[in-house]
Amino acid sequence: MPYVNIRITKEGATPEQKARLIQGATQLLVDVLGKNPATTVVVIDEVDTDNWGIAGESITLRRARGE
Amino acid sequence: MPYVNIRITKEGATPEQKARLIQGATQLLVDVLGKNPATTVVVIDEVDTDNWGIAGESITLRRARGE
Amino acid sequence: MPYVNIRITKEGATPEQKARLIQGATQLLVDVLGKNPATTVVVIDEVDTDNWGIAGESITLRRARGE
Amino acid sequence: MPYVNIRITKEGATPEQKARLIQGATQLLVDVLGKNPATTVVVIDEVDTDNWGIAGESITLRRARGE
Amino acid sequence: MPYVNIRITKEGATPEQKARLIQGATQLLVDVLGKNPATTVVVIDEVDTDNWGIAGESITLRRARGE
Amino acid sequence: MPYVNIRITKEGATPEQKARLIQGATQLLVDVLGKNPATTVVVIDEVDTDNWGIAGESITLRRARGE
């Protein structure tokens, strides 16, 4: 029954990469806690770089500096 | 003062359906716990089917199989 | 597959009331969007009144004034 | 290490305003709890007015009445 | 910079198991998307079985039936 | 109508500090976006240090090393 929410910046993750995140997170819960995969939910949120901040500034600004 | 977050896949919910979710969730909190509707917040997140997984695979794949 | 998160202040909701919230939120998704109840998840978070604010002050303070 | 999630309706917040929210929320955690800004994350979610409800109705309806 | 929130029922996960969840979720983001582990945050929420519902009823009730 | 969720580790924040977080986050939304404080909700989650990870390990381990 676990619920996993993965939040990342929207920077071009492909459907294949997102499928791997879903598969990997589900397997992690099975391996570590013996959870039932059939009711394990994984939701990926892709967030605009203007809307994600770390160290007090947006990812947009960090990317513009090449970070 | 409750906050209710309803997360569903983005598969064409209409404004009327979303209005019913908002109304129904608010009324539920009033009926069960006597909460004040004036400060009850309901937020609906619609998530791309590539970004929602259950049983280790995305909803996109399940829909492609007719599930 | 919906996921519903209900956040309320921790002020003595009983197991029976929480069961009604779970049942009611699940039924709402069935009624409005035809969702499958078997994979509908409802999670209730009960939050300390010191940790919930509205209008810039905590619920603890509002309760102390009889609100 | 704090994580701050600010959810607002999508009604035209500019990149500059979002940058101020990121900066202000980060500074608040530094000032009040002495947290390290380098690992303080702020994520802003902008939600469609059809998907945000208060008092049992959507913000879209409230805006249409001039509220 | 990813943020991962893992929500499970509170049924005795040990610190070692939680450490494995943190390590595994972080590694998943590194492997699939090349994210920087230094700023990858994982937060585990353990939720009372009375407060988690699936299929319209609480986990407490399901456990009582041996499920 | 904004909703702000502040997640921190549970390491002794006082009611006074939490009141300042509530007040400060509410004022930030008023100052930057002109939001109505009366319907601005702030919820603080305090998370056990075993349940919060960064760089692939728990805060408990980092604190034990004096970080």
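When the chains are written out, they are named A, B, C, D, E and F in that same order, and each has its own residue count from 1.
Here, a residue touches a chain if its C-beta (ideal position, glycine included) is under 8 Å from a C-beta of that chain, and two chains touch if they have at least 3 such contacts.
Bear in mind the structure is a predicted one, so any value in this text is a computation, not a measurement.
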Set of chains adjacent to subunit B and to subunit C: A, F
Pair sharing more residue contacts (C-beta pairs) when C-E is set against B-F: C-E
Separation of subunit E from subunit F, taking each centre as the mean of its C-alpha atoms, in whole Å: 20
Distance from subunit E to subunit D - Cα centre to Cα centre, in angstrom: 25
Multi-partner residues of subunit E (each touching 2 or more other chains): 1, 3, 7, 21, 25, 39, 41, 43, 45, 52, 54
Subunit E-facing residues of subunit F, complex: 7, 45, 47, 50-58, 60-61
Subunit C partner contacts - residues on subunit B that touch it in the complex: 1-9, 13, 17, 20-21, 24-25, 28-29, 31-33, 35, 39, 52, 54, 59
Residues on subunit E engaged by subunit D in the complex (per definition of touch): 1, 3, 39, 41, 43
Subunit D to subunit A touching residues, read off their complex: 15, 18-19, 22-23, 25-27, 37-46
